Structure formats: C-alpha cells, structure tokens
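Just below is one structure, and these are the notes that go with it.
Residue numbering begins at 1 within each chain, and the chains themselves are lettered A, B, C and D in the order written.
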Amino acid sequence: MAETSLLSALGAVIRRDLLLAMRRKSDVLTTLFFFVIVVSLFPLGIGPEMAMLRQIAPGVLWVAALLATMLSLNRLFAADHADGTLEQMALSAVPLGVLVTGKVVAHWLLSGLPLALLAPVLGLQFDLAAGSLGVMVVALLIGTPVLSLIGAIGAALTLGVRGGGVLVSLLVLPLYVPVLIFGAGAVEADLGGLGATAHLSLLAAFLALAAFFGPWATTVALRIALE
Amino acid sequence: MLEASNLECVRGEKSLFRGLSFRLDPGACLMVQGANGSGKTSLLRMICGLAQPEQGDIRWNGEPIRKLAEDYRGELLYCGHAGAVKDDLTALENARISATLAGTPVDVEAARLALRQLGLKGREDLPARVLSAGQKRRVALTRLLLEKRKLWVLDEPLTALDKTAVANLGGVIDAHLASGGMAVLTSHQDLPLAAGRVEQLRLD
Amino acid sequence: MSNRIVNWFKFASPQTFYPLAGKMIPWFWALTAVFGLVGLYIGFFVAPTDAQQGEGYRIIFIHVPASWLSMFIYLIMAFWAALGLGFNTRLSGMMASALAPTGALMAFLSLWTGALWGKPMWGTWWVWDARLTSELILFFLYLGFIALQSAIDDARRADKAGAVLALVGVANIPIIYFSVKWWNTLHQGASVSLTRSPSMAQTMLWGMLLMALAFWMYSIAVSLTRVRAIILERERHAGWVEELKELKS
Amino acid sequence: MKWNSFSEFLAMGGHALYVWGSFGACLLLMIVEPILAKARRSNALTELKREIAARKENVNENF
C-alpha cells in the first residue's frame, strides 16, 4: 500500500470521527463541562485564599484533565465495536494501526485540544499569571495526546468487558502518573521561576514514546478483543 | 483459491467442529449450513482471519492467510451480523466512508449508483436512523458493489431483506461468481443462485 | 516448525507440568523454611542494634525483600505474558495469572512495613518518598491486572489481554519510577533510604539477602500451588485430568 | 546473645508495635495466602469429581 493512500485513510478516519461527533455534540460537550465543573468545585472545597489556590492550580487542572479524558475513553471504540465497524477496520486493506492512530488523533481533537484551550479561562479562577497560563496550555497540548494514546490501550483491553467503564480507569490512571507529574510540574516550575523547558521536553519525549508504541499495543489489544 | 485443511474450532470449552477441510475455486460459492450454534459464524470469522482456528490452517493461493495479513484482507470482503452502518450518517456517507475505511475510496457518483442498484433511490441523503432494517442492510451491502474484492464472506446476508431485494442480491452474487469471484455464505433462507456454482458444507 | 520446538511445547504443556509442579512444591517450602529461619536468626540475634534507628530498623529484613520481590515478580509475570502472546502457549498465561496475587501481596507487604517503619522514624504513617510512592503505583498495576483478568470470562482472551497490560506496565515502570523520583527531589520530600544507612553492616546485608531468598522460594511455592488450581479449572474437559490419581480416591 | 531477656526481645527497644506489626502481618499473610491457594485447588478437585461422577452416570443410563 502506497504512502499517500495510508495518509488519506488516516485523514478519512479523523474526518469520519469528527463528523460523527458533530452529529452528536452532546458527548463532546459533556466532557468539557465535566472538566469545568470539577475545576470549579475545588475552591469551594478548599476556600478562597488566592495564595493557596495559585499553589494548587496546576495539580487541580491536570487531575481534572486526567479525569475528563478518562470519561471520554469509553466512547473511543465502544460504538464502533457494537455496530461492527471495528471488525471492518480490522479487515481493511489499510493496516489497523493506521486506522487506530486516526481514531486516537480524533479523540484528542475532541477531548484534549478543547481542554487545553479551555484551561487558561479556568486558570484565571485560580489567579494564575499570564505566563503560567501559557505554560499550562503548552503542557496540556503536549501532555493530553499522551493521555489519549495510553488511554486507547486501556479502552481496547476493556472492550465489551463487563464493568469496562470503571475498569479502564483502574488500568490507565496509574500509567498516567508520569504525565501528571511533569505536566503539573511544568507549571509549578514556571511559578517558582525555574523555567519549564526541562519538564516540557520530557513531556515531549513521553509523547514520542507513546506515539510510537501506543497505537501498536492498541492494535494488538483490539485484535484480541475481536477474536 | 481458498483452501482450509483440518480446521478445529473451540468455543469456550466445547469443540464445535474438527477435521473440517474444503477448497473453493474461482467462480464457486460455498454455502455453509448447520443448526444454530454449530459454528457457522465462527467458521466465517476464521476464514476472515478475525478468529484463529484451534488447529489446522487456511490458505489463500497457497499462502497461509496469517502471513499474508493486509495482502489477503485486500482481497476479502466480510459482511457480518452487524452491518457497520452508522445511524448518524446518511446512506451515501455510510457507503462512501466504509469504502474508504476498507482502503478503496470511491467518488460520490459511484456510491450513488451502487445505492440505486440496490433499490435505495431517493433515500441516499437520509440519515440511516430513519431507514428500515432492510434498507440499512442494503446500505451495508453496497460494499459488495463498491469494493472490488475477490472473496466475499457473507454471514446471513438475507436477514431483513424483502423478496425483490433477495432476488436483486442473488443477481449481484451471480455476477460476481461469473466474473471469477468467490463467495462463502450462510443463510437460513433460500438464495436464488445459478445452479452448478454452489457447493454445500454442513456443520454438525 | 522443527520437531525440537514442538517437543519443548509438549514439555511446557499443562499435562506434564501439573505433576511436575506437585513434586516441586514441597522442596520450595523446605527451602523457604531454611532460608527464612536462618534469615530471621541473623536479623534478630546476630545483626547489631542500629545507632540511629534503634531496633525499629529490623523491619528492613522484610521490607526490602518484599519490595524486591514485588518488582521481580512483575518482571517474571511480563516475561510469561510475552511468551504466551508470542508462542500461544497455554501454560504461560496461567503462570502469569498465578503470579499476580503473590506479586500484589509483596507490594502490599512492602507498603505496610514501610508505613510501620515510617511512624517511629518521622512520626507519620505515610511519607511521599519516591520508593513508597512507586511501590504504591506498582500495587495499583497489580490490582489492575487482576481486575482485568477476572472481568473477562473467556480464559484465553483474559490471558492475552492481561499479557498486553503486563507488557505495557513493565515498559512504564522505569518511566514511572524515574518520574516519581524527580518529583520527590523537586519537592524535597522525605527520603527513606534504609539500605544506604551508613551503619549498614555486613551481617545486615546477609540477613536481608537470606530473607529475600526465603521470600523468593515462598513466591515460587505458592504460585505453583495456584497454577495447579488454575490448570485444573481450565483443563476441566481434557482427558488427562480424569486420569489423575487425586480424582480416583 | 544480644538480648538479655525474652521480655527485652519482645519490647524491641520500644519499637515493639512497629516491628511486630510488620513481622506479624507478614507471617499472617504468608500463612493465609497458601491456604487460599490450596483451597482453590481442592475446590477445583471436588468440582471435577462431581462432574466426572455426573458424566459416568449419564453413560450408565445410556447403556
């Protein structure tokens, strides 16, 4: 199969998932609303002292982003599994890994990207400075694709398994720890005046690793689930 | 040419069939028969490479299908119980997208023609949600016309189809066989196919 | 495929492994007892009192072996998983699922003893030190593996899915450990470094080593017992099971 | 011998709770786990016996 047709298949999967999401907007909006509400609940639980809120902001935003991604993972393959599309993808002349990559990219465009763009607004609630907000957005832009890539493995493993929704969080959340540490760490380092470059480059390294191995592991897991 | 030798299928702890062998030449159609739960769907999924046989192997032109991977999948079309039709997309979008996902993109005109050929004229731009079960099945079957594949594996393709649609599909399969294609299918209903091309395989 | 490989697979079949494991189990229990008793003797009667930590430091004689074993067992589990995934051998998957509960137990023991050791040293039951935190995550990984396997009804799918998870986990453990360590130094958290204590005497090292051997032999013995149970559950309909002398009595 | 008396041994220099809490938990779990593993095997065995007996009865009825 030629390279160009692989790329066009990749593009087609992304376009298809975006089109489906546009026809059913509520799913995407639920994830975003969940993110907003979780972040807004923290000041209510902790108290309105600005110094304290500034300090916890990176952690709170990142944990909320983790949970919101988690919430949207169940939809990643479930619908395609139920209506037989996944079988067709597994039997396509296009390698399944390419189609899976497309689905993960679409998942990120629909969950990670909006979260990253929404984060500065929520950061204002926590009195973060403009510079830190910028670092937060960059960290989320690099980190959330890793969440989608690793999450896809968990979603594929729990496909059609009873209690899959809760199970996927048990499987995937421990694996999210490095992203959480360096994502939140980047903003904290910036707040502490240390500069966030080291954290961001490590996040980028995780992204490279996850982009390389993630779709492959997801493909193996999907073939197991379909058997 | 599709060859299966000495296949064994195990589901859970039960062995559904063993020692199953057959051979399918270009232009021939294999009709798999058997009671519910006799392993028809399992056999079809094995032929596609979705499931692995407990024993035995399946070869395409002499090569094991496991080794051929994408090269084999490029010759294969599988139509299972679930039609892979998205409720939120129109009939036309469904037809075009499933062809693209299979690796054979088609243009709008070809997709419209295929839908019309299966009697879906005027319904091309309706979301699949409002179509009847039989119409949805026909949307799923447009893939037969759009993806130029050698081997068709059809699991109960007649479910929910009316008489005209059954006759129509029979014609499509006949044309496929006449042009050197192959088909493996299961069906509880009678499918009108030209005599002489159909071989029977009973699973008991 | 060459004949030799086929023969090797036959050797690794549940049918031959079941009686073999049965014969090996008592030996591993005996080794556990020997290493354990000598280790405990050194730990309690030979090793001197630590100058800074008093008698409380004696917890390392189980804390450190449990931590080692919890990591080691995960590696072995991933090894069996990879083998099962690669060669489609039935026994490998059973071994992986037999090891998981023992690994989780070791991780739990490491956490429990770590907490009990932290209380007299720092006055809190839990310190977010790099070792304890990664041990906690490892414990979660074990729980995830066990939960995934028990949620899937089809044993073969459970084996394969568990194998993928174990391999993903084993690839992530170094990254997780490294991240937690970095996070720990950044936040200047407490550092529990029992093994690097300056007063670490030769005898302590011997005690720890012997206890680690005892834990290792224990893990083998108990997971062999469990794998025998799993073989019986899975191979229920195989002819050889009916011929077992345990069933004749 | 480094301990002067048995009670001194038990006291562990004031750290009795922590030391014996650790060793006790370890010992307890290492007794419980093998028992559970053995119970699992004997469960499997009794079920198998029952199954085989049921199968034999079926055969006898058929003849």
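Remarks
Keep this in mind: a residue touches a chain if its C-beta (ideal position, glycine included) is under 8 Å from a C-beta of that chain, and two chains touch if they have at least 3 such contacts.
As the structure is a prediction and not an experimental result, all values here were calculated from the model.
Listed by label, the chains that touch subunit A and also subunit D are C. Set against the C-alpha centre of subunit A, every other chain centre is closer than that of D.
Centre-to-centre, using mean CA coordinates, subunit A is 32 Å away from subunit C.
Distance from the subunit B centre to the subunit C centre is 48 Å, each centre being the mean of its Cα atoms. Centroids of subunit B and subunit D (each the mean of its C-alpha atoms) stand 54 Å apart.
We define each chain's centre as the mean of its Cα atoms; on that basis subunit C and subunit D are separated by 17 Å.
Along subunit A, residues 227 each make contact with two or more other chains. Counting only residues that touch two or more partner chains, subunit C has 236. Chain contacts: subunit B has no residue touching two or more partner chains. By the touch criterion given at the top, residues 1, 5, 8-9, 12-13, 16, 19-20, 23-24, 82-85, 87-95, 99, 226-227 of subunit A touch subunit B in their complex.
Put simply, subunit B touches subunit A in their complex at residues 48-52, 70, 73-74, 76, 78, 80-86, 88-89, 93, 97-98, 100-105.
For subunit D in complex with subunit C, the residues that touch the partner chain are 1-3, 9, 12-15, 17-19, 21-23, 25-26, 29-30, 33-34, 37-38, 40-41, 43-45, 47-49, 51-52. Per the touch definition, subunit C reaches subunit D in the complex via residues 44-46, 48-49, 54-56, 58-59, 62-63, 66, 101-102, 105, 108-109, 112-113, 116-117, 119-120, 218, 221-222, 225-226, 228-229, 232-233, 236, 241-242, 246-247. The touching residues of subunit C, counted against subunit A in their complex, run 85, 137, 140-141, 143-144, 147-148, 151-152, 157, 160-161, 164-165, 167-169, 171-172, 175-176, 178-180, 182-183, 186.
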